[in-house]
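Per-chain residue numbering starts at 1, and chain names A, B, C, D and E are given in the order in which the chains are listed.
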Amino acid sequence: MVREKETTLYIGPQHPGITGNMMVKLKVQGDTVVSAATHVGYLHRAFEKLIERRNWIQAFTLLCRFCVPEPDPMELTYARAVEELDNREVPERAKYIRVIVMELARMQSFMLWYAGQSGSAGLYLTPQWSVGDRNYILDLFEDLTGGRIYHMYIWPGGVRRDLPEGWTDKTLRTMDYIEKRLDEYNKILFDNTIFQKRAQGVGIVPKDKAIEWGVVGPVLRGTGIKSDVRIDEPYEVYDKIDFDVPTQEGGDIWARALVRKEEVRQSIRIIRQAIADMPGGAYYNKVSNPMKWTVPAGQAWAKTESVRGEIGFHVTSDGGNKPYRVHVKGAAYTHGVTVLEKILPGQNIADVSFILNSLGVCPPEIER
Amino acid sequence: MEDLGLKIFGAILTTIMAFTVGMTYGGIVRKLTARVQNRYGPPVYQNFLDLLKLQSKKTNIAHGFMGHMAPVWIIIAAVTVLMFIPILNGNLWFPNLSFHGDLIFLLYMMVFGSLGMALGAGQTGNPNSAIGVTRGLSQMVGYEIPFVLALVALMIQFQTTSVQDLTQVQHETGVWNAFANPFAFLAALLASLGMFRYSPFDIVGAPAELASGPVSEFGGKYLGTMMSGGAVFAFIKLTLYVHLFFGGAGNPDDSGILATLAGIGILLVKTFLLYMIPVFYGWINPRYRTEQAIRYFWGWPTALGIVGVLWAVFFN
Amino acid sequence: MTDLVKENILLNAVTSAFKIEGKVIRDRRVEVHADKNTVSSILLFAKKQLGYIHMNHMTCIDWIEQGEFELVYTIYHPVDKLTLFVKTRIDREIPVMENIDTIWDHANTYEREMREMFGIEFPGLVGEHDFILEDWDQIPPMRKEFDTHKYAAETFYTRPGREDAKDVREELSKRSGTVVPDFAKKYSRE
Amino acid sequence: MENDKNSQKIVDYIGNFARKHSLFVLAYGTGCGAIEIPATMTSRYDAERFGIRGAATPRQADVLLITGYLSTKTLKRVIRVYEQMQEPKYVIGFGSCTVNGGMYYDSYNTINGLDQYIPVDVYINGCMPRPEAVISGFVKLQELIMAGKANNGEKYRENLEHYRSNQKKIIKNWKMPDYNW
Amino acid sequence: MNIFFLLITILFSGALLVFLINKVAPKIGGIIAFATIALVSFLFFTQVDTGDTYQFTLGEIPMQFGVTPYTYIFAIIVLGLGTLASLYSIGYMQGKKRLGYYYANFILTVTGMIGIIFSQDFISFFIFWEIMTWSSYLLVIYTGHKSQNIGMKYMIFSAIGAYAMLTAIVSIKANYGTYNIADAIQNGAFNFSEHMYIPIMLLIGFTVKAALMPLHVWAPNAYSKSPMAFTSIFSGAMSKMGILGIGLVLASAYSYTDHENVNYVVALRYTLGWLGGITAVMATIYALIQTDAKKLLAYSSIAQLGYIIVGLSTGSELGVMAALFLAIVHGIFKGALFMVVGAVEKQVGTTDMTKISGLIRKMPFTFFVALVSIIALAGIPPLGGFVGKWMLYEALITESNNYFLVIVIFFSSTAAFLYSYRFLFGLFLGQEEKDTEHVKEAPITMIIPMMILAILLMVTGAFPGILFEPIAHGMHYLGFSDVNWDMSILVNVWGEESNMTYINLSIGIVFVAIFAFLTIKGYKGTKNVGTKDISTGGEIPTENENLTYQMDFFKPFERAAAPLYKRSMNKIWNDLGNALEALTDFIRKIYSGNGQTYALFVVIFLVILLLFKDTLFAN
C-alpha cells in the first residue's frame, strides 16, 4: 500500500479537544487541514431500537439520555409528538412551566458551551466559573425534578409535578445572580482581543450554503438568517412571550459566539416573563395508567429549538402500547458530519476543537 | 581541595534549592489559579506528590534511545545553566561557575534542553509531538528576538556580557537595570511571557489542540524527570531576570549566614513577584495561534527592544 | 385554527404536478405519497420551484407485516414555514432507493445510516460502509426482526440477578419488607 | 506479591501515599457520565483538592474513568488506551450501566459488566452519579491504593488470556496490533 | 625536487593514474584516490613549514610557491576534509558509473585548492583557481543531463567571478608592476587610496565561491546535485577558498589603509557585514522550508558562510578569529552532514524528507554523527560550533558598532534551530515505516570518516585552543596584533570568559548522573516500544496512513514570516534569479554549453588582457 502524503491526525475519541466520544480524522499538511472525516458510533446505544421495546412512558428514561448536555428539549419534543398523536391537551400552566424548563436547559447548556468554547481557545478561567455557576441552575432542576442532569419531568399532557414552594423566587434570584455573572464572563472572554482575533474569520459557514447544508439554530443565525423554531412555529407559549432572536452577520465563530451570548440574555428575559405571567390551575392532563397507555396509530413530526438548533422527532405509532418507531434528528446530526467535513478543510489544526465547540457538535445526538 | 569540596557542596545545595523553589512556585501557582477560579485548589506541595508518583510508576515506556535521553538532556541543560548563573551576588556559598560563562553561553545552553526535548518527542513518532515541537521552535524564534535585543542593550550599556558583572553594576550604582534601561526591560518582560509558556503562549502543549504536545508519549519516570527539569528551569529564568533587571540579590561584601539567608529571602520575594506577571497574564487570556504569537513578539516587544538598544547607545 | 390556505395551495401544487395522492395533516403539515421513482423529482421540484430548500429530516419505518419500508422525507420552507412530508414505500426484500445526496449534501449522512441500520442500498452513495457500527455481521439491527434482547443476552456477559421486566416496587418491597400500597398497584405492569 | 499492609515496605508506603494523592485522570469521556466530570473538576466540587487532575494522553494517566456504558466500538478503544497506560493504573466504572448494563441491558451494542473485559477497581453507581458520588468513589480508590490493594494493572497482565478471550468474544474483528501487551 | 612541486605532482599523477586505471580495475580507483590525498596530507603536515617558499619562473613570469601561516589554516581544512571525503567516496561511489571521471576530478579539485593555498603570486593563484572551478564543474554535472542547467548556472557565476578576478589581477600588474601577492599588498594594492576597484573586483571574484548574496544563486542547486561525497568538500572546503581570498583582501585593507581613506574601508565593512547578515537570514529561512535534505544543507551552508563573512567584516581580532574558527568548524560539520545525507541517500535511495522517516534505529551511527554535527551547526554548547558562534557574538557586541547586525545574526541562528531540527526529524526521527524496513547502516568506509569528523567536533569544543593556535599564527601574519587565546577558555575584550572545561565538566557529570539514574531506576519495568505504539486517541491507524508530520513542517513560522518570503525574496531572488536565468539561456545560445568552451573562453580573455594590459589599464 502506498503511504499517504498527508499526515493523519486523530482528534478523538480520546482527546482533550473533542466534544464527546467521537473522532474526527484529519489529514493535515503542515498545520492546515486538507480533509476531515467524522467518525461516530462510539456512543451508539441503539436507543431507537430500545424504545421500540419500551412502552410510551418508559421511553422517557431513554429519551433524555439522547444528548447529555441538554436532555430537556428531547423530552419536550417527544412529548409534543405523542400529544399530537394522542390529541392530548396540555394545561396552560404546564406550558409555562415547560417554557421555563426549556429556557433553564438552554442556559445550563449555554454555560457548558461557554466552558467548551473558551477552554478550547485556551482560556481556563471562565470554564471554571461558568461550569461552577451552572450548578446553580442544576440546583433549580434538582428542586423541581429531583435530578441534576436527567429530569424526565415533561410528560405527555403536562409536567410530572407542580413547582415546589418558593421555587419561582429562587429561580428569579438565580437569574439575577447569573445575569450579573454574565457581565463578568463577557469582560473576560468577549472583550478579550486575543479571543476576538482567534474567533473572527475562522470556521465560516457560508450564508448561501447554510440552509442547503441543513444548518440550524445559532449557527444559522450566525450567518445572518433569522430562523428559530420558537418564532417560526411557536410551540407552548412562546407566541405569548416577548423576546428577540439575535442574528449576526459573518458566519464565523465570533458571530456564533455573539448570537449565543445574546440568546442567554433572552432566556433570562423569557424566564422572568414566564414566571410573571404564569397562570394557576392544573399542571398535568393525566394519563390514567401510563403503563398500559396506548396511542392512536399515526405519524407525527415535532420540532423544538434547543441550544444547538432544531431538534425533530418523528414518532410513528401503530396503535399499540409501545412506540412503533421513533427517529430523532438532532442539530448535531448535520453539523457534526456534513457541515464539519465541509468547513474544516483549509483551517488550522489549532482551530479544529474551537470549531467543533462552536458548531455545538454533540456526538450522542448523531448516533443515538 | 577544600575549595573544591565547598564548590561541590554549593553546587548540590544550589540544585536542591532551585528544584525545591521551582516546584513550590508551581504548587503556589496552582493554588492561586484555583483560588481565582473559585476553587479551593490542591495543596502547595501537590507538585512534589505528582513528581513522587511519577517516579514511583512501576512501568515506563520509551520509544527508543532519544526518548530515553530527552529527560537527561533537559536536566543537563537545567543544571548546567544553573551552575553558570549567580544565585546570590558575590556570595561565597553559591559562586558555582558563574564567573566562567557569560550571557551568550547561557542563551545557547538554554536551547540545549529544548533540543533534547524536541529530539525525544520526535522519536516517539507521535504527530502531535512533532507539531508541538515545531510550534515551540517557531515561537522561540519569536521571543528570542526581543529578548536578545534587551540583552544586547544591557551589554552595550554596561560594557559587560557577564551576569555577575551586570548584577554588580546594579549593586554599586543602586539603580536597577529595569530603570536604567526601561525599554530593554519591557522588551525582556514581554519576551518572558513567551518563555514561561503560560497563556496566551502555551501553544506548545495546547491540550485541546495537540493532546499534550511534545510530552504526549512520556509518562512515569520520564515525565517526572522532565518535570524536575522544568522546575529548575523556571527558577533559572526567574533568577536570571532578577539578576539582569531587578538588582539581583545578596550582598557581595557579606557572606555570613544571616546575610546569605537574607539574600535568599530577597531573591525569593523578587522571583516570586516576577513569576506572577506571566501567571497573571495567563489567567485571563486565551491562547494565540502560532503565527499570531510570533507576530506578537515581532511587534511591540521588538520595537521596544530596538528603542532599548538605541537608548543604550545614545544615552550612555 | 386557520383555514389552511397555504397548505392546500402547496398540496395542489405538488399533487397536480406529479399526479399523486396527498393530504393536509394539520396547519403547517402537508404530506404526499409518492412512488419511489418519483421521489427525487418531487424533492427537486419542491426545492427548485417551490422553495423548500431545507431538508429537515429523512427517516425509515420498517413495516414488517406489509413487507415494506416506508421512507419519509421532511422538507421545510423557511419563508412560508410549511413542512412537506414526501412519503414512499419500498419493497422490503429488494431495499433499493434513489440516492438524493446530490440534492442535499446532508442527505448523505441519513442514507449512510439507513444503509447500515436497515440495509437499504442507495446506488452511488459515497462514504464508508461502517458509519455507526463496526464489523457488524448480523442482519441490520433496526429491522424489526432483529431481536436485540436475545442478541445481547447471547453475546454479552449478563451479571447474575439481572432479569428482564421485573416490577421495581415489588422487588423493593420484598427486599425491605414493606407492603406495596394499593394506589401504587394500579400502575403495575400487568 | 503480598499486599498486606504489614508486609509493605516503607518505600511502598511512600509510593502509595504519593499515588493516592496524585491521580491523573485520562481525558476520555466514554459515555454520558462525562457530563459530570467538568462539574466535579470545577469550582463547586473541585476534585483537584484531592490531587485529581486531567491528563491528556494515556501515557501520563493513572486513572481511566469509564463514564458510563461502553459500546463495543468504544470498548476496543478503551482496551487500547488501557493497555497504553503505565502501571499502576486504576479503572473506575462510572454509573449503573458499567455494573450490569443498566437501562441498556438489552442493547445490542453496549456491554453489560465492565469487569469482564478490563479489571475495575471501583464502581460508582447511579445514573448518573452526582459529583459527590464521584468524589466518594475516588476517595474509595485512594483507600484501596493506600492499602496496597489497587494493583489491577498487574492482575490484568497476569490474567491477560482470560481478559483477551472475553474481549475477543465481543470484538469480532480483532485487529489490535500485537505490540500491545 | 621541491616539496611543493612534489605534492602537486603527486596529486596530478594520482588524478591521471585514477583516470587511466579505471579502464583496467575500476574498483581500486577509490583506494588510489584516497592514498594519493592521504599521502599528500601526510607529507604536507610533516614536511612543510610555514614560511617555506620556492621561486621559479614560468616563461617570463616570476612565480612563487609557499605556505603562509594564514593559508596553513585553509590547508588544514582542505587536506583534512579531502582525505576523509576521499575515504568516504570509496563506499559512497561503490556501484556507480564513471568512477575514473569522478575520482580524477575529485583529485583535481583538491589539487586546485592546494595549489591556491601554495600560490604566492596571482598567476598561479588564478591558474589553480581555474583548475578548481573547472574540475568542480565537471563533478557538478556528474549525474548527467539533468544537472547541465545547474552546472551552467554555476559556471556562469564562476565566470563572472573569474573575469572580475582577472581584471583585478591584470590591473595590479599594470599599476603595481608585480604578480606577487605579498608584494602587491605591500605596495598598497588594497589600500583604497587609488584603484579602489581592484579590491572590489577581487572580492567579487571571491564572494562568488563563498556564495555571498547576491552571487549565491548557483549554490543551492550545485551543492545538492553533485555527488554527496564531493559536496562535503565542495561546501566544506571549496567555499573556504572564497573566504581565504576575502580574508586576505579585507585584512590587507584594514592593515594598510591610511586614515584619510578609512571611510571606504568602513563602508566596505558595513556592506560586506550586512550582505553577510542578510545572506544568513535569507538562506536560513529558505533552508527551513526545504523538503530535500540536501537542499536544506545547501541553504544552510550559504547561511553559515554568511556568518563567516560577517566575522571577517568586523575587522576586529575576535571577529576575524571567530570567522576563521567557524570556517574550519563549518568545514568539519558541514562535511560530516553532507556525508550523512550521502549515507542516507546511498542506503535509502532518496533524501526527500517527506518520504523517509525513522531511520534512527536503522542507522544509529549515522544518526550520532548527524546529531553531533547538528548541535555544532546550531551553535549549542559544548561543541566546536558554539565556540565560533560565541566569539562571533562577542566580537559583534564588544568590538563593532553594528549592534543590529547582532540581532540579524541572532535571528538567523535561532531560526537555524528550526531547520536543524527539521533535518534530524526528517531523516531520523518520526515513524518507522514499512518502506524503509530494509535499510541498513552505511558501510564502514563511510562511517569512519563521519565518526572522525564527529569526534573532531567534540575535541574542538573541549579544546578549541588546538585550532586557535594556527589561527593565531595566521592572524599575526595578516597583521592583527597579539591575539589572546587559551586552550579551552574563551575570552572577549571586556574580559568575560566562557570556560569550555567547566562547561564540558558540568555537562559530563550531570549526564552520567542522570543517565545512570534513569537507566537503572525501574530497569525491569522500562520497555522500549516501536513508534507505532503511540497514543492516537485510541484508534488503530491503518497501514497506509501517514503518522509522520513531514509536509510543510514550519507552516506557522512561514505564515508569520510571510513578508520575508514574499516581498524581499521575490524581488531579490526572482528578479535576479530570473535575469540570470535569462542570461544563462542567452549565453548558452552563444556557446555550446560545456566546460571546454568555457575554459577556452577564459584563456582567450586572459590572453586579450595580457596583450592589451598597457592600453587598457595605463595610468
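Note that in this section contacts are C-beta pairs under 8 Å (C-beta built on N, C-alpha and C of every residue); 3 or more make two chains touch, one makes a residue touch a chain.
Computed from a prediction, not measured in an experiment: that's the story for all the values here.
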item	value
Chains contacting each of chain B and chain D, listed by label	A, E
Touching chain B and also chain C, the following chains	A, D
Grouping of chains that still touch (sans chain E)	one piece
Chains most often in contact, by C-beta pairs	B-E
Central subunit by CA centre of mass proxy	B
Most remote chain, CA-based centroid, reference being chain E	C
Whole-Å separation of chain centres (CA-atom averages), chain A against chain E	64
CA centroid of chain A to CA centroid of chain D, Å	29
Chain D-chain E separation of Cα centroids, rounded to whole Å	58
Centre distance in Å when chain A and chain B are each reduced to the mean of their C-alpha atoms	45
Contacts with two or more other chains, residues of chain E listed in rising order	525, 529-530, 532-533, 535-539, 547-549, 553-554, 556
Sites on chain D at which at least two other chains make contact	27-28, 42-43, 54, 56-59, 73, 77, 81, 84, 87, 106-110
Sites on chain B at which at least two other chains make contact	37-39, 57-61, 127, 131, 134, 207, 211-212, 216-217, 220, 289-290
Pairwise chain contacts, counting only pairs that touch as defined	A-B, A-C, A-D, A-E, B-D, B-E, C-D, D-E
Residues of chain D defined as touching chain B within the complex	14-15, 17-19, 21-22, 24, 27, 42-43, 46, 48-49, 51, 53-57, 59-62, 84-88, 153
Residue ranges of chain B touching chain E (in the complex, touch as defined)	55, 57-66, 68-69, 71-72, 75-76, 79-80, 83-84, 97, 99-102, 104-105, 108-109, 111-112, 114-115, 118-119, 122-127, 130-131, 133-135, 137-138, 140-142, 144-145, 148-149, 152, 155-156, 159-162, 165, 211, 216-217, 220-222, 225, 289-291, 294-295, 298, 306, 309, 313
Complex contacts: residues of chain E adjacent to chain B	357-358, 360-361, 364, 371, 375, 378-381, 386, 389-390, 393-394, 397-398, 403-404, 406-407, 410-411, 414-415, 417-418, 420-421, 424-425, 429-432, 489, 492, 494, 496-499, 502-503, 506-507, 510-511, 514-515, 518-519, 521-522, 525-537, 547-549, 553-554, 556-557, 559-561
Parts of chain D lying in touch with chain A, wherever the complex brings them together	26-32, 34-36, 38-39, 42-44, 54, 56-58, 69, 71, 73-74, 77, 81, 103-104, 106-110, 127-128, 130
Complex interface listing, chain E residues touching chain D	525, 529-530, 532-533, 535, 537-540
